[in-house]
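Following are the structures in question.
Common to both upcoming complexes is chain A, partnered first by chain B, then by chain C.
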Partner chain A sequence: MKSNKGLFYSSLFISLFLLLPFYFLFFKGIEGHANEWEHISKNLLSQYVLNTFYILLSVGALCLIWGVFPAYLLSRFRFFGSNFFKWALVGPLAIPTFIMAIVYSGLTDISGPLASLSRFLFDSPHLLRIDILNFWGLSLTLSFALYPYVYLSSLIAFTNRTRSFEEAAKSLGAKNNSIFFRITLPLALPFVLSGLLLVLMETLNNYGAMKYYGYNTLTVGLFKAWFDLNDLTSAVYIGGILFVFALIMLLIRQGTHFKGEKENSSSTNRQKLSGIKNALATLFCTLLFGFAFIAPCLFIITKGIKKFGQVVDGEFFLTVVNTIVICSCSAILIVFISLYFSSSKRWLKSTLLRNLFEMNNTGYAIPGAIIAIGIVAFAQLATIHSGLLFWSFILMCFGFVIRFLSSGFQTIDNALKNKSIAQDESAMSLGARSWGVFKNIHLPQLKLPIIIAFSIVFIEIIKELPLTLILKPFNFESLSTLTFQYAKDEMLEMACVPAMFILIITIVPNFLIQKALND
Partner chain B sequence: MKKVFFLSLLVAFIFGCNSEPQTSSDQEAKKSEDVQEVNVYSHRHYDIDKEIYAKFQEETGIKVNVIKAKADELLEKIKTEGENSPADLLVTVDAGRIQRAVESGVLDKINRSTLPSGLNEQYIDQNDQWVALTMRARVLAYSNERVNPEDLSTMEALADEQWKGRVLARSSSNIYNQSLMASLIAHDGQEGAIKWAEGMVNNFARTPKGNDRDQVKAIYAGEGDVAIVNTYYIGKLLTSDNPEEVNAGKAVNIFFPNQERGTHINISAAGICKYSPNASNAQKLLEFLLSPEIQGMYSEGNHEYPVIESATLDPILAAWGEFKKDSLSFTRLGQLNTEAVKAFDTAGWN
Partner chain C sequence: MSYLELRNIAFAYGQNKVIKHVNFTIEKYSINAIIGSSGCGKSTLLRLISGFERAQEGEIVLDQNALSSQQVFLPVQKRNIGIVFQDFHLFPHLNVWKNITFGLKTKNKQAKVNDLMHLLKIEDFKKRMPHELSGGQRQRVALARSIVTEPALLLLDEPFSSLDNELRKSIRHEIKDVLSQLKITTLFVLHDLDDVMALSDQVLVMDGGKMVQKGSVNELFSSPSHPKVASLFGAYNLVSLGKEDGPLSQFIQVEKGHNSVGIPMDAFSISKQKEDIPAFLVDNYFNGKTNVLRFKIGDLNLRMEADEVPPPEFRLNINANKFIYFDG
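Right after this comes the complex of A and B.
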């Protein structure tokens, strides 16, 4: 396949281009002097690193429980409500972590519904109240917002990847428990890990929720160095540590490869649970769905309806349109680039490209504000007027691609990896060119992953905040920036109106994901 | 079905671009045709600002374009955009950040002579690089059940033993706290300020978290007795349409600490950008924002103190009465900001 020079250089170019803002930021950073580094490393750094480590651990562990367990239940068994939960448990994907965090604070604070209920029942607001503004509260709210990534990837694995192995083990007399831990889980591991990776990266770059809960992680520290201490160089150093965290996680996942082939889901019949097992399975799913989705949604919707008239006007609908347009355009762009990258990875087998793509993937762990400032620096050098609507729009798309390429790329690349190379080779031996193979063989087979990638990326972008805040043009608001501004101004109830629209809009991509999964 | 989807996206895109009135692909062309506008980079995102800008446009025909984000991010954006920056006016919600803009060299002089009269000297930069739009006081909110106001005196005294386990404050990453700390460094020296912060950390009812409203709610919930808050958040609680928030607001009274040297105050301030393409419009907007009528709107709409003496005061603020304000220069607060952040870190106030 030596004729693929064009593909190689174009992939190389796109990949390097997407890394551009990082170079700019890097050089901007190291040309300065780290005045406050001594203060940071002496007083703060160890706390940042440890806190980051702990929160990754706790959110990761919780997401594994909320994600893997119901995915296994729902792919293997039928119980009361199982068909409903199968798609309903993806729901929390629509709630931005930052909103989940403030909504939970609103639910549990002294003027919230729990306190009112407690006042009504026991004449004291305190009996039913739980203090949520602490490490465990933070871990829990973050895990509620993020577990769907693990759930989705586990569900895919359990539904059509591990079944025949389990049946073989069963026929050899293995018990259910040992099949799960010795066959199913190890086989599904690469899938579970790619879901977990997204969770950990999201946790790593989260700023809003951490700050609100008073929990100092590396990302919080990065902004402190940059803005509070006015020391970009130290911020770049901390960014370097974040980058290392992200790379380690990527490498761990790289080390696990799925060894089986995709199965034709021949035996899709799920075992029916009865009696106490039925009740327990239903209870678990109900509680998870209730806490992660129903409770925050009810809060958002009741407040949202109450304040609807105060927030919604002509300008608000423009905001809705803006949001949908920018999300769709960026998501389509990301799907294209993901297809391009995963194809060139497959055809070219170039270590250089593979490593570069991994670097592109780390964008997911980098806080949006950093990417945004890198892009502003780039725009400045390219003398692009970032204040102009058209260019702001392009720059925002550019930023989203850098930030969320990983979500799309992982989905599409995983799917393409599982297509047999032999089929490509036989097509090539019949005279097909690589473009033809891609168009006629891969593309039709990738329809579902493409829909899933588009939908996930769309949801990611609609929730995105810091990058949009910095790169948006004049008089431009997205639903997410509007939510943030109300929340920032301590007007939680008003913030629920745009948050409610985020929920409504994400029904569409959520539905697409469900449909793709069912096919 | 798919075609319909993409087609509708396309339509939405075109619609989205066209309905943006100041569509900018032709922004420069417009400028040469002398369409009047002013571009504001603002950290203020209160609804009252939107009303005020609309009013300005109505009265002058000058369109106000706004980008709202944190002052830090906006300042970084202006610095990075350099000479190409479209920003005319930078608005911050804190003295420390406007001073940082001065130090970064992104601001130009304001024409002081055309500003409305009645502006206290403290509220305008000595080199005319910024002017205050509104003032807020950082005060103590105390439980009217559990605290005798006679026990309250100064910010410093909150670090005393008698307040152990009773004090509430938000994180030190909050700029209002940083400016408060800067004022304490200016008055008590670096060591004194660190010692104060250590005493406060000892006295905290809980680790710093949440926002200003949350501190008041924590008093209402009985988690602590005294909180450091900005005046206008109390106003917002009292006018909330959630009855429990109003109750939280009513559970506290306001105390103006340090009445000997004056209570620490902070400003929301604005400066005209160095490469401002519409500097004269920015100046006009400033004059408008400082007019007594608009100052009154700020006060009533957002419970902030006006900086022009003749402006009407919000009734909630008026009910708290007059108080002596710290006369420390806001420039000094800005200069001490980094020291303040470090003092918090040293004392372990997260």
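Right after this comes the complex of A and C.
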């Protein structure tokens, strides 16, 4: 497109600017002095690495069970409640991981509902009580919060990607078991792994749940090095190891793509289950939905209502407003940048920009804590006073943009890619310039993707904890940091009030996504 | 004796009746084509024969064995029917060799697979992945995969739709040769008339979920019994008659009581007699053999063939003996 030098240089500038914290992180790592590194590497690091590896393994395995199995059931069979479970099983995505962990500790502690039930039935609080504050309890609660990523990607694969190939295999005489293992699973694998990758990234990024359960992973170690030992450079080193973990997972995912695959839906109806099979399928989905969504929601809402009066005051409402403002501003910024980058990619066909955008899009794979350290290093070198509210606010937005840009960009870019370039050419042949094409042709067609991108990013930001914890100014709280703060101070019931507000606020973007998808 | 027989087959998706009591038979080793406009139920019929859907009424019999009836429903895997899908559906994670041998129960048929690959000119691509093949090569691999299992019947659903014109011309002859050489009873779903003419021994024409006519290409060309057939085979002007015998009756006497009339292009001839019917030339083009004239008589838009292009206003004769009347 003509006269697009401005678009090129501005895109280049924004893209490089968003990568700035990583350069500073790199230089901090090279130049900084790590006072505590010897102690950390000798006494703690191997435990951090092993613990991280084990928790990734266990959460990943559990999410595969909770995600793949119901996705297969719901894509292939009709049973009692199957239409409801198809969308309901996505529900736990609305609950932040660390809140799920906190809630389960509340559900199973000595004053929780399980102990009360046990007391009522057996006159002892211990018979039905399960000790959940351990590795397996942590794995289970994290898997309840994170399995929807695997479930959604598997459901898409089983519904749209594998059916026609299964039909081809059937026509060649293959039996159902053989088809599942030779066709369905290998073809669905890249999608399942995409979902699993998100689960593992979230687990890697998790601080709140690990800290609460006293499980020392690399992310917890990073926080300890910085805040307890006051050694930013060691924190950067730990961040580097975290990054290697993330990189290995990304590379595994890259290696499982099949070229030439395309969307392939088929009109074959779902098979109706009856009798015991119908009951078992319904039971499995009910239990999963009950444990991962209903139980935590009920706990949060009942405790939240109980402690409402003690927590909600003028300051609390300020926290709610702060949270909504920062989430909205960051999400709007991400939508703008996504639109800008998608248009640049479409019109400029520049390999340099394309590669830079790819780098900008790896933010989701980088734990929030690393991004936050990079931003702090950047702020120090740029002599920005991060303690000031205004600058902190800007830096937090900056952090959220870096971490969640890919969620917005993928949605908008995919939608724009589907619009034929002939539309642009027709408009240009009628005298429109770049801005005119964007404003009059693209923008009206991108309304739904923009709503979806905004809503997804808003939900992601409101759930984010480590980045907010590091970048928030003194005396500033968001709903997620407040929840974490109460929980850390053993005020579990109070923690349910801000948690309840997070659930309530995310109803709006969730509704917008559902509505946009239905439209 | 008929080899494949469909008796009174009916099928609906919910309330939407897609197949409405279809009957037809095809002979062993014959090559057949189903043709009709989009949404007329062609592909659904293929899914019923292959067993991906179950007919709500009627019976499907192959080589005297019931595949589907009210009592019997043989699953896809047990029908021994080969299918070439519209988009080929080659397994993207398996190479060409593994795709072709996927359906073989025993792996000791290497020589046979090699012969088939040689016949289809794909023997050099054994190790290639599907995405490394051209459209024509993919088509051949899909065909090889379906016929290596020696199917009792081969179904091909719009197999040429994703190929360009030049490629489809060459490949359809090659496919016909292979099918004839291997003696495979075949049923195509097609929408291109050239493909139908080049491939089929018998053509089945569908319209609105019904089978409206079947016969050889010649029979359908020369004596269509349904307006859809006349319109598909293209050499006819279809004119509605209605209650008042329509606008045509102003110029020529037509039989009463029919819904429409098919006027073959050769029913018109240019005349120099002033008392003949006045016509107005709208447009003309050369179709490679002769001139096709688009003209008007009154409000009627019609077509005819002529060696020479007449002036804008001309006179013509109509031979009403060549008219074919339709009641459907």
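The definition used in the following text is that the second predicted complex is superposed on the first by the 348 of 519 C-alpha atoms of A that agree within 3 Å, B and C clash if a C-alpha of one lies under 4 Å from a C-alpha of the other, contacts with A are read in each partner's own complex, and residues count from 1 in each chain.
The rule we apply is simple: a residue touches a chain if its C-beta (ideal position, glycine included) is under 8 Å from a C-beta of that chain, and two chains touch if they have at least 3 such contacts.
Here the structure is a predicted model, which is why all the values come from computation and not from measurement.
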{"item": "Partner chain in contact with A:Leu44 - chain B first, chain C second, else both or neither", "value": "first"}
{"item": "Partner chain in contact with A:Pro186 - chain B first, chain C second, else both or neither", "value": "second"}
{"item": "Touching partner for A:Leu416 - first (chain B), second (chain C), both, neither", "value": "neither"}
{"item": "Touching partner for A:Glu167 - first (chain B), second (chain C), both, neither", "value": "second"}
{"item": "Contact breadth on chain A, by residue count: chain C or chain B", "value": "B"}
{"item": "Which of chain B and chain C A:Leu405 touches, first, second, both or neither", "value": "neither"}
{"item": "Chain B versus chain C as contact partner of A:Phe474, first or second or both or neither", "value": "first"}
{"item": "Touched partner set for A:Gln485, first chain B, second chain C, both or neither", "value": "first"}
{"item": "Touching residues (chain side chain A, partner chain C) in the complex", "value": "164-165, 167-175, 182-183, 186-187, 258-262, 264, 267-268"}
{"item": "Residues of chain B touching chain A in the complex", "value": "9, 12-13, 15-17, 19-20, 22-25, 27, 39, 45-46, 65-70, 72-73, 76-77, 80-82, 84-87, 100, 171, 173, 178, 206-214, 217-218, 220-222, 233, 236, 241-242, 244-245, 247-248, 337-338, 341-342, 345-346, 350"}
{"item": "Residue numbers on chain A that touch chain B, as the complex places them", "value": "36, 39, 43-44, 105, 109-112, 115-116, 125-126, 129, 133-134, 211-214, 216, 220, 223-224, 226-230, 318, 321-322, 324-325, 328-329, 369, 372-373, 376-377, 379-380, 383, 385-390, 392, 466, 469-470, 472-476, 481, 485, 488-491, 493"}
{"item": "Residues of chain C touching chain A in the complex", "value": "13, 47, 50, 52-53, 75-78, 80-83, 85, 87, 89, 91-93, 102-103, 105, 129-131, 145-146, 149"}
